[in-house]
Every structure is written in structure tokens, then in C-alpha cells.
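Labels for the chains are A, B, C and D, by order of writing; each one numbers its residues from 1.
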């Protein structure tokens, strides 16, 4: 039974708390949040002890591992402390606001030989994982092109929240830069990004985009294209196609239901999931499961902090590319 | 260049005339119809000589083969005469109104060693043919169940025309009884049929049905179910599933276009073909092609008159089953 | 918090125990099984008190409701006792081995005004439920034909277990007779069934079938066809199509994953769920949820004992039809 | 009956000759080719008079319209002569090797008020046309992103033929730049292109690519991405998705057949068309039909020479972008 401290009692903290409480192999020991009321509310629902600071939890021998889901601005302090305490950690992305801080964390965890995971939950989606494993098994030969679509159902977060989230090319993008590298087994080399505010000009006021198309070149020569939007009129849309020399693997858009209506000149099928959580909820459980296995030395694969650092480096180059309208090299800092 | 005489200038006669005229390997020599005006109109569009009776055409040495597409009541006389004249013949189904007459034709053609084909055009559909060939290749092991749906888009023919067509279990059914036997390579043994007039009570006045469900047992033990209707609210619907001990092959409903609209909570795809001809038009060309190849001794597979006779025998048993509400044995007359 | 006693600690008992333990609105108070070791094992995993007989549980005021998942031969005694005790009950089907006993239970529950549910879990499948609701909303007009396929992935239960299960037309069939009546809102009138042992002749020794095709007529005039098999070479297969005067609704075969491989001349998609539980696991949670809501007077829809009785009456007529090779009227005892 | 002269008896000339001969509204009067033997062979099969030069045909009053399908290097001379002769013309793309020559042709045709069409056959694909019309009808609101995939089944043309074809970004690309502008109703503004020779390094020797990803910005603000490859392991692949503010329209990959095999853990469906002609053959007939209608003053929509010029301008900018690794503005010369 792995004792877990959860840092952060916000939206994503709720998801982790629920999954930790329901998992047969671990126990929620602490929920830490500056807003102690939020921490207490989570503990009432899922157990554990509420705290306003991380020290008690880090000192408690019953805490075997930590999940960092605090606000991004707190990540560096929290993550550094957990690594210093020598406890396995699962950290929401980005690792840190600043690329140098993120690298310091990744290096420290690597030096310590710690299980330090970045929460790239999409790697645990059953369909994405199958695509990954089948690429490795050689079913499509050499990967030549990847196309990833990710479009959020509603214009959230609102423009005002952009300052905190870091913007679409960081927040949404980093998941997908990671998928591209993980699926292909190749490293990012250079990136081009173009974008606009077609959904809501409000995003421009915060220096952000709501619509973007990106082209990433990997060191294998493969080209990866990304289509991002902050709004669809038809639910949460995500899809991956990996084109190889001997075939193509596709993890297609998923439907809410298996229902079709044949009527007049159409066949009307059930549409996509309403939102992000309906589509990817199960991946958080699988992610926790893989993290626990790794923390317990049972050798599960997971995204480490260097993977998180890599995705951040791609994001920064992409943002620069939008401004400079050219292909931007990605420095290999991970 | 095979010279062809076409008997019958009605709806299906038009289809044949157009295909004969466009085929590079044959030439339309005669169109015969009691209504000489109809024959002349077809000849104006597609060539050939119009005639009100079949004698001239049958005596003409330039006529190498005959397509019988006259009204069912004339089939027996026309088909007998063509067989007596020793010319290869492609005959629309049913072979004859009367089962005894149909058998006489089948026997005569067999005795003469003539290429005498029943116009089961669906056997030439590219998808149905692929299913047939893959069953023969052993891809699904032993056939255990077949399900065939055939539903016409509009309540045609109108109740008034039923007298001529022989009713749904004969007219529509015979195509599909043939498909079941052809796909499975097994012979019909007994049949159960239930039906009703749910679309239009007018069909009942003519002793016909517009909705029916049938269960046919083949001599291999396989069970075949048929779902028929004279009307859909969504175009022409046809579909075949063949379930075997080692897999299932499906020739699915075909769509008009490859277009989908993602909107709100639905994905709205293009629906089925508007009608029978939009779905099966190409099969008439392929059927003619196979008939010409066979007539020219190039050995193509085709449905012969015995196959047509078999389908008629199944139809008669099905009609009796509706009345008697029991499984009816099918006498092996073919 | 509804206190629940579970009768029966076999396969399906395990499913119920797990769901009861995980549900936030109820608590597992007792697990009763003649084999006290099985009951104790379930209690260790999911809580509650083990017992070898039902009396203690029925007398305990903390038991607000009962789930009957014992062996079919014990159903009548268990169900009668729960009804006599006036506790809401969710009973696995069949209600009782004997049709008369089943009717006595249904009548007693109705007379007592008790929430007494038959465990037709498929009614709670999200796709089936959507089809049901959309038929009610008039999207396809008047229901004219229904086609239901249910084929189990592996020849289980083995022939030897048939004696206990009652055979395919009862065990598998009753779920689907219920779906037909529930979806259409119409009552069964007469049925025809044909079947064989094509998978394993061993089933014949126990008087059972492994392959069957059925045609059911409803009092609305609609015709329902069923295709059943005890074995597929491609996972658990289930599908429903409801054809109406104004359209068709389909709850299609569900796939394991959303993955496709384009290679050579094929597109290879992920196949069906491996088995019954992978496909219908979530319906047991939804069923429990609906039962609790009904038991607590929150008015959820559920299948009552009369619905269970109806399905059994259809099954008995179907079995007789196989022997007599004719349409068999279904006596309206529910 | 429109009399037609066909210039060019190569591969695409064959396609046009066959369609002209079969069309009820026109007649093949001349086939012109420097290689008179090729011209004669086409005339033997499809009628018309063979000629080695274009003068006779252009002077003949029986020639009402011209189809230019000669080699690209001859386009400018041929097209200029036809325009000077004042005859409606359908010209294969590119209009001319040189952008200035192409502009001269477009300007001359516009000044003369001639029906002068560029052979963008994909505009006549039934599914693409439906997407176009439904965008115009407002079904998806404002177009924000378009994604177009076009991948040829086999590494043809071989590297050696690149010199003649102009390379992938011109030859394949121009069709799709045109589709993007036509579907969106917006004009190209700037383009980024990245590519490589991942299939065959031989293409690099001729300064060409076999794999490319492009991002085009339209003057509406919409972003269009293109994925091109010269080889797939699974047939001819083409697909369009148009994402708008109120929905998404998709013209999906088309399958050879409607056949699926359910086996083990997969559903194996029929794959894509074997090649370009199997997929787009029917569009050449529809294109001819639209051209004839326009030439006869029946007002059909068609791509004019300015549209062809536009696609060429995009292609040149794309080629420059590959070299310069930056977004390249597209000069508005059309």
C-alpha cells in the first residue's frame, strides 16, 4: 500500500484524489493546498489529511510518493522539494514555468535515480498505446509522417486565464509534442508554427492564439503536423494518424455511443465525446497505475521529467516560430 | 462481335439495350416488343431493328444470342422458342409463371447444352462477388448463418402492379434465395416465412405482403434469415452478412457519397443510394459481360436456368409457409 | 445509504458485490450462500457479513433491499421469501424455473406494490437506452421490424452446464425477448424458432441448441428476428436494428479500440470486445443505480417481475416451436 | 453536337479521347500529336482524324472546342493558338511552364471572354462537390482550418520523369491548392513548406521531394495544411477535412468495396482504391460534361485559367519556402 501526498486541490487535483482513493494499491495520506479549505473539502470526500504547506507531508514516512498538481507557478518549488526528499513523484506539466528551472528538476531527478514522472496522461489511452506498440512491432515500417488533431470543445480557458496556462502552444501543445516523440521514438529537431485568433480576438490581447497549424521535423526525418483549436461545434476532437513506409496506423475520433439513425438521405451517428474528461478520464487511472508500478519498482514505462522538458523546449520554439514566421531549431537541452 | 436480339422494351429492356449498345463485344440487332412503338423508340436510341414478333430475329443468322426481358407471362413462350432455336439466352427472372413450365425450360436448355442464364444480376456486384470468393477460399470456415436485408426505397410497385410481378416473396425474394444458395454453395431444404402489410394495406387486397421475415434451412445445416420490406424512409437498403465457424463476412450497406458532417452531438454521414438502380446499375453491365463470355465459350460463371428454377421453388414454399404458419419443405425439382 | 443483502456468491454474485461495494449510495450488509466459504471470500473483498441461509439477513432491519443472484433452482424460494418480507428486490433471470412459480412471484410483488426488478441489464446499456428513448420520441415512426444478433465469443457454457442454465433459447434468449418488447413497447404474440447444433453436437445430448434463428410477432404487427450463436471466431457480438416507418435506428457492434491499420488492400480495424463482460460490464453498475433509485422512491424505470415472466413465456414458446416446426402462440400470462 | 479537337495522345489524352467518344453531346474530330502514330492509334479506337500539327484542326469550322493535353512544354504555344482562334478550351495543368506565359494566356482568354478551363478534375468529384456546396450553404459557418491529404500509391513518376512533371509541389500540389481556394472561397496569401526524400533519395538528384507538409494561409485567415507523399503501402489515399466555426465537413478516404471480415481480434475492411484512376476516373467525365455545358453557353461552373494561374503561383512560393525554411508571401498575379 503506497502512501500518497497530493499537492494541489484544484480541478486536476480532484481527478487525482478520486483515482488515488479508488485505487486498491495506494492510499491518500495528504492533500496540500495553500487554500486549506479546498484541501479539507477533498479530504472529506476521499480521505487523507489536509495541510497548507508541503513540509509535514514530505517528512512523514508514511508518504511513499507525491503527486504534484499545484498551480504551475508553484511547480518548481514543490518538485524540487520532493526530489530533495527522495520520493517518487508524478508531476503535472509543465514541470516549471522557466525552462532552466525545468531542466534543473529533470537533471536532479536523473542524478538521484528517482522515479519522476511527467503527467502525459494521453500515453495511457488504450488506443494511443496500441498504436505506439504496433509501431514498435514494425507494422508500418519506418515512420514518415504523423498528423495530430486536438481541438477543445469550448473556448476554455477563457482569454483571461491564458496568463496562468501559458497559452495554447504550451498547454495543449506539450501533450502532443510528447505524443509525436513517444510514438515515433525520434527526437524533435525544428518546428514551424502559424496561428491566429479566429475564435475569439480576446486571446490576442494576452498574446495567445486559438487556432494553430504546426510542422515539426524529427531527427529521423519524419514530418509531424499538428492542428489545434480552442473550440469546436461538435465536442472534444482528438485524432492521430501515423503514416509509415509500410502502412498507416490511425487512432480515430471516438464517438459517445454506438448509435446510428438512417433517415432520408443521411445516416446520423452519435458524435464525439462532449469534453476532454469524457474522452480521457480513464487515462488518469491508467497513468496512476503505471506510476505506482514504477514507484514500487515493478518497471512500468512512464514519461519522465526529461520527456516533459523536451515538450517544453518544443513549445518555446513553436511560440518563437509564430512571431518569426520561419522554421526554428529546437535546442537539445533534455 | 456477338449479335443480340432483345425481347421486351420495358423498364428492364431499356437497361439491357443501353448496356448492349455500349458494350464493345456485342451489337444490338433487334428489339422485339408487341408494342412496336416501344421497340422503335429503343432502336432509335441504341440501334437495331424493331419487330413486333420474335420469329424474324430467331431466324436471322446475325443473331448470336438473345436477352429475354419481356413480360413474365410471355417468358415461357419466348424462352422455349430461343432454346429450340439453339441460341444462348439470358432470361430475366422468373423463368416462367408456372413452376412446371420453368422446369421444362431448364431441362430443355440443359439437354441441349445451351448457355441459358437467369438474370441474377446481384451475383455480379463487386462486393457480393468478393464475399462469395472469400467464402470459397475458406476465410470464414463453414457457413453457419446468413442474414440478408433487402428493402426498397418506395412502395413500388404499387399494389395494383402486384398481379403482374408475382408478389414480394417471388419478385424480390428470388434474387436473395439465389444469393443464399450461391454464397453458401448449399441447397435449400425448408423455409418459414411470416409477413404482413404494415406499409400499405392495399397489398393485402392482391394477396401480397409488404413486410416479411423468412428463415431458410440449407442442406449444410446453415440457417438463412431474410428481412424484406417494400419501403424505407432512407433510400435503397441491401446488406448481407455471412457468419461462419472461423469468421464473418459482411457486404454492408453502401453510401451515396463519402461525406460526413460533424455538428453538435452528431456525425451526419451521407445516406444510402436513392434507389435500386443507383445501387445495382453496374451489375447489369457485369452480368452482360459474363453472359457474352459464356456465350462465346470463354467459360465465365453464371446463374443457369436451374438456379432460376431453384429460386422459384423456394418462393412457392415461402408463400405457402405464410399461409400455413409452419416450416414448409422445398421439393428438389431443380 | 441503502443496506443490501446479496444472495448468491457465484460469478454474477461477484459482479454485484463489487458494484454494491463501490456505489456511494448503498452498503453491502450480507452475502448469503449455501457454500459459506464462497460467501466469506466475497465479504473479505467487499465487506458485509457472510451467511449460509437467508433468514438472518431478511430479519435484519439494516437490510433495506435484496439482490437475488443465487442458482436458478433456488430463485423461487429466495424471491418468495424476500417478497413476503416486503423488501425491494433485484432478481437475476429467470425469476423461477417453473413458469407457474414465476407468475406467483410476479403477482405477489405486484399485489404488494413492491419494487421487484428483473435483472435485464442490457436495458441500461447507454446505446440501447438511447435507441429506446429515440423510438419513444418518434424519430423512426412506427416500429415495423427489429433484428437482434447475439453471439457469444466461446462455446460456453460447455454442454455439461446446459442443464443448469436452461438452454440457449432461455438463458441468452430471455434478455433479447425483453429488449424487443421494451424497445417496441409492444407485446409478444407468437414465435417461430429454428435451430441446430452446428458448433458442438454435445449440446444436442442435453436437448439444447448452439445456433438459432427466431421470428417473433408483436401485437403491433411488427416482426422481430433474432440470430443467436454460442460461438464466434471474433469476440462477443451483439447488435440491434430497429426499422420503422420513418427511419431506422441501429445500436451497432462495438469495437475494443479506435485503431485502424491501413495496409496493402485492407483497412484492419480493432475488433469486437473479447467477451460479454468487456461489452456489458458497465450496464451492471447502471442497473444497480436504477434499482437503488426505484427502491428509494426516486422513480427510475426498471424491468419488473412481469417483464421477466413475459420473457420466460416467450422462451417456452420458442422451445416448443423448434420441436413442432411451426409458429407457436404465446399465452399472455404476464 | 460539339466538335472537339484533342491535342496530345499520351496517357491523359487517352482518358479524354475515351470520354469524348462516349459523350452523347460531342464528337471527336481531331487527335493532334507530334508523334502521328500515337494520334492514329487513338483515332482508330475512338474516331476522329489524326494530325501532326494543330493548324488544320484550328481552321476547321467543325471544331467547336479544344482539349489541350499535350506535353507541358507545348502548352503555351497550343493554348495561345486556341485562344487566338477564339475556341473554347479545356487545358490540362499547368497552363504553361513559365508563370509569365501562364499569366499571358489567362489574361488573353479573359480579355476575349472565352470559356477557357483549367482541368482541375477533382472539383467534379461528387463528394468534394457536395462538401463545396454545403460550405457555401453555411452548414459549417466560417471556414477556419482545412486539412488535405494526397498520397500516391506507388513511387511514380520515377525520379527520372520529375524534370518533365515539374516536381511534386507543382504537379500534385496544384490540384490541392486549387481545392483549398475553391472550397473556402478565399485567396492564398502566404505558404510554408517542408519536405524531404524519405521514399527514394533519387528524387533529390532532380531537386524534388517525395514527402511534404505545407501550411497555407488564406486571406480569410483560415489555415490550410497539406500532407503529400509519393508512395503509400495501401493504395491511393486522398482525404479532405474542412473545419468551420459551426461544424466540420469531411470527404473521407474511399474504399474499393463494401466488404468487411470479422476475424479474431480485428475487423478487416476493404482498403483504398488501387490507384489514382480507380479513385478519380469518373471526375474526368464530369469535367468534360461541365466544359461542354459552359462552351455551349449553359452556364456550368468550371475552373478558369486564372484559377490555374493561382495554383501555379502557390506552387512556386511553396518551392521557395522549402529552400528558405520560412513563410513565403504569394504574389497576387491571378
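As a convention for this text, a contact is a pair of C-beta atoms (placed from the backbone, for glycine too) under 8 Å apart; a residue touches a chain by one contact, two chains touch by 3 or more.
In this text, all values refer to a predicted model and were calculated from it rather than measured experimentally.
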item	value
Chain separated most widely from subunit B, comparing mean CA positions	A
For subunit B paired with subunit C, centre-to-centre distance based on mean C-alpha positions, whole Å	41
Subunit A and subunit B, separation of their C-alpha mean positions in angstrom	58
Where subunit C touches two or more other chains at once, by residue number	140, 232-234, 237, 246-248, 262-264, 270
Graph class of chain-chain contacts, one of line, ring, star, complete, other	complete
Touching residues on subunit D, where the partner in the complex is subunit B	22, 126-127, 130-131, 134, 139-140, 246-254, 257-264, 270
Interface residues, subunit C side, partner subunit B - complex	140-142, 144-145, 147, 149, 151, 190, 192, 194-196, 198-199, 211-213, 215, 217, 221-223, 225, 227, 229, 231-234, 237, 243-248, 325-327
Complex contact set, residues of subunit D against subunit C	232-235, 237, 255-256, 262-272, 274
